[in-house]
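Working notes, beginning with the structure itself.
For reference, chains read A, B, C and D in written order, and residue numbers begin at 1 within each chain.
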Amino acid sequence: MNVGFVGLGAMGRGMAANLVRAGHAVQVWNRSPGPVAELVAQGASEAAGLEAVFANDVVISILSDDAAFESVLLDPRLLEGAAATVHVNMATISVDLADRAAALHAEHGLGYLAAPVMGRSDVAAAGKLNIVAAGDSGLLDHVEPLFAAMGQRTWRMGDRPHQANVVKIAGNFLIACAIESVAEACALAEARGINSTDLVDLLTSTIFPGVIYTGYGSMVAERRYEPAGFRVVLGLKDVSLALSAGAEANVPLPFGSVLRDSFVDAIAHGDADLDWAAVAEVIRRRAGLAEAGS
Amino acid sequence: MNVGFVGLGAMGRGMAANLVRAGHAVQVWNRSPGPVAELVAQGASEAAGLEAVFANDVVISILSDDAAFESVLLDPRLLEGAAATVHVNMATISVDLADRAAALHAEHGLGYLAAPVMGRSDVAAAGKLNIVAAGDSGLLDHVEPLFAAMGQRTWRMGDRPHQANVVKIAGNFLIACAIESVAEACALAEARGINSTDLVDLLTSTIFPGVIYTGYGSMVAERRYEPAGFRVVLGLKDVSLALSAGAEANVPLPFGSVLRDSFVDAIAHGDADLDWAAVAEVIRRRAGLAEAGS
Amino acid sequence: MNVGFVGLGAMGRGMAANLVRAGHAVQVWNRSPGPVAELVAQGASEAAGLEAVFANDVVISILSDDAAFESVLLDPRLLEGAAATVHVNMATISVDLADRAAALHAEHGLGYLAAPVMGRSDVAAAGKLNIVAAGDSGLLDHVEPLFAAMGQRTWRMGDRPHQANVVKIAGNFLIACAIESVAEACALAEARGINSTDLVDLLTSTIFPGVIYTGYGSMVAERRYEPAGFRVVLGLKDVSLALSAGAEANVPLPFGSVLRDSFVDAIAHGDADLDWAAVAEVIRRRAGLAEAGS
Amino acid sequence: MNVGFVGLGAMGRGMAANLVRAGHAVQVWNRSPGPVAELVAQGASEAAGLEAVFANDVVISILSDDAAFESVLLDPRLLEGAAATVHVNMATISVDLADRAAALHAEHGLGYLAAPVMGRSDVAAAGKLNIVAAGDSGLLDHVEPLFAAMGQRTWRMGDRPHQANVVKIAGNFLIACAIESVAEACALAEARGINSTDLVDLLTSTIFPGVIYTGYGSMVAERRYEPAGFRVVLGLKDVSLALSAGAEANVPLPFGSVLRDSFVDAIAHGDADLDWAAVAEVIRRRAGLAEAGS
C-alpha cells in the first residue's frame, strides 16, 4: 500500500519502520530532518512536502498533541487537494478536536480514522502496539494490513472516530485512579508504621498484577519520581480531558474531580515536571507524612 | 503441633483440613455440628468446649466478623484459664478491635497474632492462601509451620497485630477503588456509544490484568451483580473501616470519601444485597444511563 | 412550675437563672459546687442529689456531651424511681443517643424531649436563645412556659425527640460548609493577589450578611484562630455526626465528605485545638499559600 | 462626562438611564433598536455606530457573555481608531478573556477597567448596584462619578482588571456553595421526617439571614425552580470558571469539584433550564427522596 507518514517522533519512527519492513511503500515527512534520513536508510522515501504525503492512498500521522496536529495538518488547502482515501490519526488528541477533524476531512471528501495506541516506544519498535481504532468500518478494513504491521492487535471501538479517543482517555483516567488509590493506601499504611514497599509487594504479587500497579506502585512506595515517564502537568491535562469528555456527555466523574484537585495541589508544590506518580506526595503531605522524604 | 481451631465456615473448613493433612493434631470447635463431623472424618478431633480449645499450644480462629469474635472469644474467663502460647486470629476485623484483643490477651499472658487471609474458599481448600500476618516475630516464627500448611506465602507486616488488619483493610479499599474507577470509565464510554464490554476487554487484556479488573470489570460492564460474592452493605462497612483507620491516624482518604457517598447512594436505591460491584449503577444513574438495564 | 435543673456550665447557668427570674421553683444540681452557690444566691434551691432532681415535675439537663449525659443521667435506677413528668435534654447530642434516651425514658414511664439551643452563653444569659424542640406535642405544650423564660422562640421540629438533634447537627453542618466555602474563595482571591479581607468585607456587606459569614469570614481572612470558640476536633466530631446521621438514613453528603477530609488534614497539621475556622489553612496549604501566615 | 454606552439589556438599560439622570452626555448603542429608542426618550443620544461610541471620553459596556463581548468589541480595528480614554467592561466575563482584553486595549493605547456588578435589574434601575472594580487607580478615580451614578458603592479589588472578575466569580461560587449546603441539610432533614421549610425558616431567621439563604433556601425547601432567575447550565459555566481560575493559579477547590459533578448530574436529568437551585434535586435523588416532588 502507498502510505504517507507524518511524525517521526519516538513512537512514529518505529511504527513507520515496521510499515517499510512489511513491504509497504512509505513516504515520510517530519519537521526535523534527522529522523527522515534514518527512515530513508531503512527503505522509506522522503516526501517533498505535505501535499506529496496526501497524494498517497493512506496518510498516517502521529504528532505530539492537539496544537501540533491542528497547526500542521488541519489545513483546508492541504485537505482540499488531497488524493488520499483516508487519513489515520494515531495520536492521542481531545474528543473535541477529533470531531472537528472528522468534519473537516468529510467536507473535503477524505476519510478520517482515529487510532491512538497503547504501548511505549520500545513496544512501537517491536510492532507490538495495541491499536485502539474507530471510524468507518470499510476504511478500517482497508487499513487493517497497516495496523497489523505496527501492532499486535487492533481494538475496534465504534464507527465515530472520537470513540477511539474517548477509550484512550478512559484508559489514562484509569491509570491515574490506580496511582491515587495506591497512594492513599500507602499513606494509610505508613501512618500505621507499615512499610509501603511491603504493602505494594503483597498487592502486586497477588490481586493487582500488571505493569500499572507494579510500576507505579513501586514508584509511589519508594517515592521515586524521576526520570519522569509522564509528567504531572500532562496528568492534569489528561484528567481534565476526561472531565470535559464526561461533562459534554453529562457524566459526572467524582474520582476524576478528586484527581484534578490532587494534580493542582501537586503543581502548587513545585512537582509539575516529576512523573505523575508524584501525585502520591499530595496525600502524604495532607497526612503530615511528607517530611521524611521530600 | 497441637492446634485448637475455632470457626469452620467456608474458609475455616479448608484451612483446618490442610492442617490435619500436614500432620498437626487439630482439635476443632464450631457453633453448628455439621462441619465438626466433616473435619473429624478427615482426622481432626472434636473439642469438648472452648476451654479445651485453649488448652492446645496454638489457637487459630476465623469467625465471621467483629461481633462474632467479640462475643465468642473475647471472654476474660476463657483467656484467664488458657494454657495456650498464642492465639492467631485469621479473620478480617477492625483495627480497634485488634488493639483491644491484643491488650486483653496480654493481660492474661497469652500471645496474640493477627493473620487475615487473601483468597476465597477454593483457595483456602487448596492451601494456597496469602496470609497477611503481624505481631511478635518470635510467635510468628513459632506458628509459621501452620501458616505453611494453609497458605502459599506469609506476608509479615509488622510487630503490632493491628498492622495486618490495616493491610487487609487497605487491600479491600483498593478493590473498591478499582470497581469505582472502572464504573466511571464505563459510564464515560457508554455515554459516547462505546460498548463497556469492549472497553473492559481491551483494558484487562493489556495494562490491567488480574482477577480484580477482569472479574469486577466484566460484572460492571455486563451489569451482573448476582449472586453476590461480597455485598454492597459489607462494602460500605469496609470503606468505613478504612476511613476510620485513616482518621484515627490523621490520614484523609478522598477516594474513600467518594466511595462512602457512592455506597450510601447504592443502598438508598435498594441495592444493599447485590454484589458490591453494583456500586457501578450509582454513576450510571447519575449520568442518566441507568434506565436500560436496571 | 417545679423544675429540677442539671448542668450549670456556661450555658446552663444563664438558663437556670432565667427560670428563677420567671418565678419557677428551680432546684439545681451540678458536679462542682461553685455554680450551685451562685444560683442559690439568685433564688434557686440546691438539690440533695439526682433523685431529688427527678422528683420535680420537669427535669431540664444540659451536659457537655454524649458521654456526660450517658454517665450522669442515663441510669435505669435513677429513671425507675422518678416522679417527674418529663425530662428535657437541651444539650447537643447524637441522633443515636437521643433514640436510646427516648426509649429508656419510655420504659420507665417518663416523657423525654430534645431541645438543643442556638446561641452562646451571653444569649443564654439574656434569655434570647433559639430553642429547637422535638417530641410529644402535649409535653412540648406543658414545658413551653419554661422555654419562653429561656428563649426568644421555640422551633418545633417534629414529634420524635431525635429530630431536634438532627436539626441542630444540620445547622452546625451548614456553618462548617460556610467556613470551607469562604476559605476556598479566599484562597482563590489570594492566589490572584486580591486581599481576602476586602473580599469578605464586600460579601458580608452585600449578599452574605449575618453572624456566620461576618464572624468566621474575618477569622479566615485574617487567619486569626485563637481564642477558639469551637475547636477543630469538635468540628470533626460534628461533621462525623452529620455523616453518620446521613448514612443511617441513606443520605450521601458530598460536602460533608470533603469537610471530613479537611478536618482530618487540619488535625494532621497540629491545628486540633484552634478554632474550627482554622480548617481554612488546609486549602491555603494545598494551594501553596500558607507560608506567610502560619 | 461624555459616555458611550454599549449593551442595553435588562441591566444596561437602568444603568444608562441613571447616567443620563446624573447629567452625563450618554450616547447609546445596542444591537436591537427598541431599547435605544427608550433611552433616547429619556435624554440619551443614539450612536451612529461603534466607532462613534469609542469617540467618547469613556466607553461602558455590559454585554451578555464572553462570546458577545469578544465578537462585538474586541476588534483591533475598532480599538485602533478609538479616541476614548478608557473602556469600562461591567459584564461578568472569564479571567482569561479579561487578560486578553486588557492586553489588546493596552496595545492600542486605550485604558481598560473591569467593573462587574452585584444586583439584579431592579437594583440597577434604582442605581443601587454594588460595583466590583479593578484596574489602574487613576482611571478608576476618573470614572468614579459614573460609578456613583449607577451604584451605591464601588469596591476596588486591585490594579489588574481581571481581579474584579475573580471576585465576581468567587461571589457566584459562594452562592452555589450555599445552595448545595442547604440542599444537603434539607435532604438529611427530610430523610428524618423533618419539614425542610421549617429547617430553612429556622436557619434564615437566626444565623443565616440575607437574600441568598432566604431566597434559595425557600426554593430548595419548596422544590420551586421556575421561573429560572439563573439557569443550571449557567451555574455549571460559572463553577467551571471558578475551577479554571483556581487551576491556573494552582488552587484546588474541592467544594467546586463537588458542585461541578452535581451540576453535570442535574443536566443529565433534564434540569438544564431550571433555576440553578434545582441542583438540590441531585442530592434528593441520590438519597432516594426525589419521587414525591419531581
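In this section, contacts are C-beta pairs under 8 Å (C-beta built on N, C-alpha and C of every residue); 3 or more make two chains touch, one makes a residue touch a chain.
Chains and their UniProt names: A, B, C, D = Putative oxidoreductase.
Nothing here was measured: the structure is a model prediction, and the numbers come from that model.
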item	value
Chains in simultaneous contact with chain B and chain C	A, D
Shortest contact path, chain A to chain C, counted in steps	1
Pair sharing more residue contacts (C-beta pairs) when A-D is set against B-D	A-D
Most distant chain from chain B, judged by the mean position of its C-alpha atoms	D
Interchain centroid distance [CA atoms averaged], chain A/chain B, Å	37
Distance from the mean Cα position of chain D to that of chain A, given in whole angstrom	39
Whole-Å gap separating chain B and chain D, where each centre is the average of the chain's CA atoms	54
Where chain A touches two or more other chains at once, by residue number	246, 250-254, 258, 261-262, 265, 268, 286-288
Interfacial residue positions of chain A with respect to chain C in the complex	254, 261, 265, 268-270, 282, 285-288
Footprint of chain C on chain D - complex, ascending	95, 118, 130, 132, 153, 155-158, 160, 162-163, 166-167, 169-171, 173-175, 177-178, 180-182, 184-185, 187-189, 191-195, 198-199, 201-203, 205-213, 242, 245-246, 249-256, 258, 261-262, 283, 286-289
Chain C partner contacts - residues on chain B that touch it in the complex	236, 240, 243, 246-247, 250-254, 257-258, 260-262, 264-265, 267-268
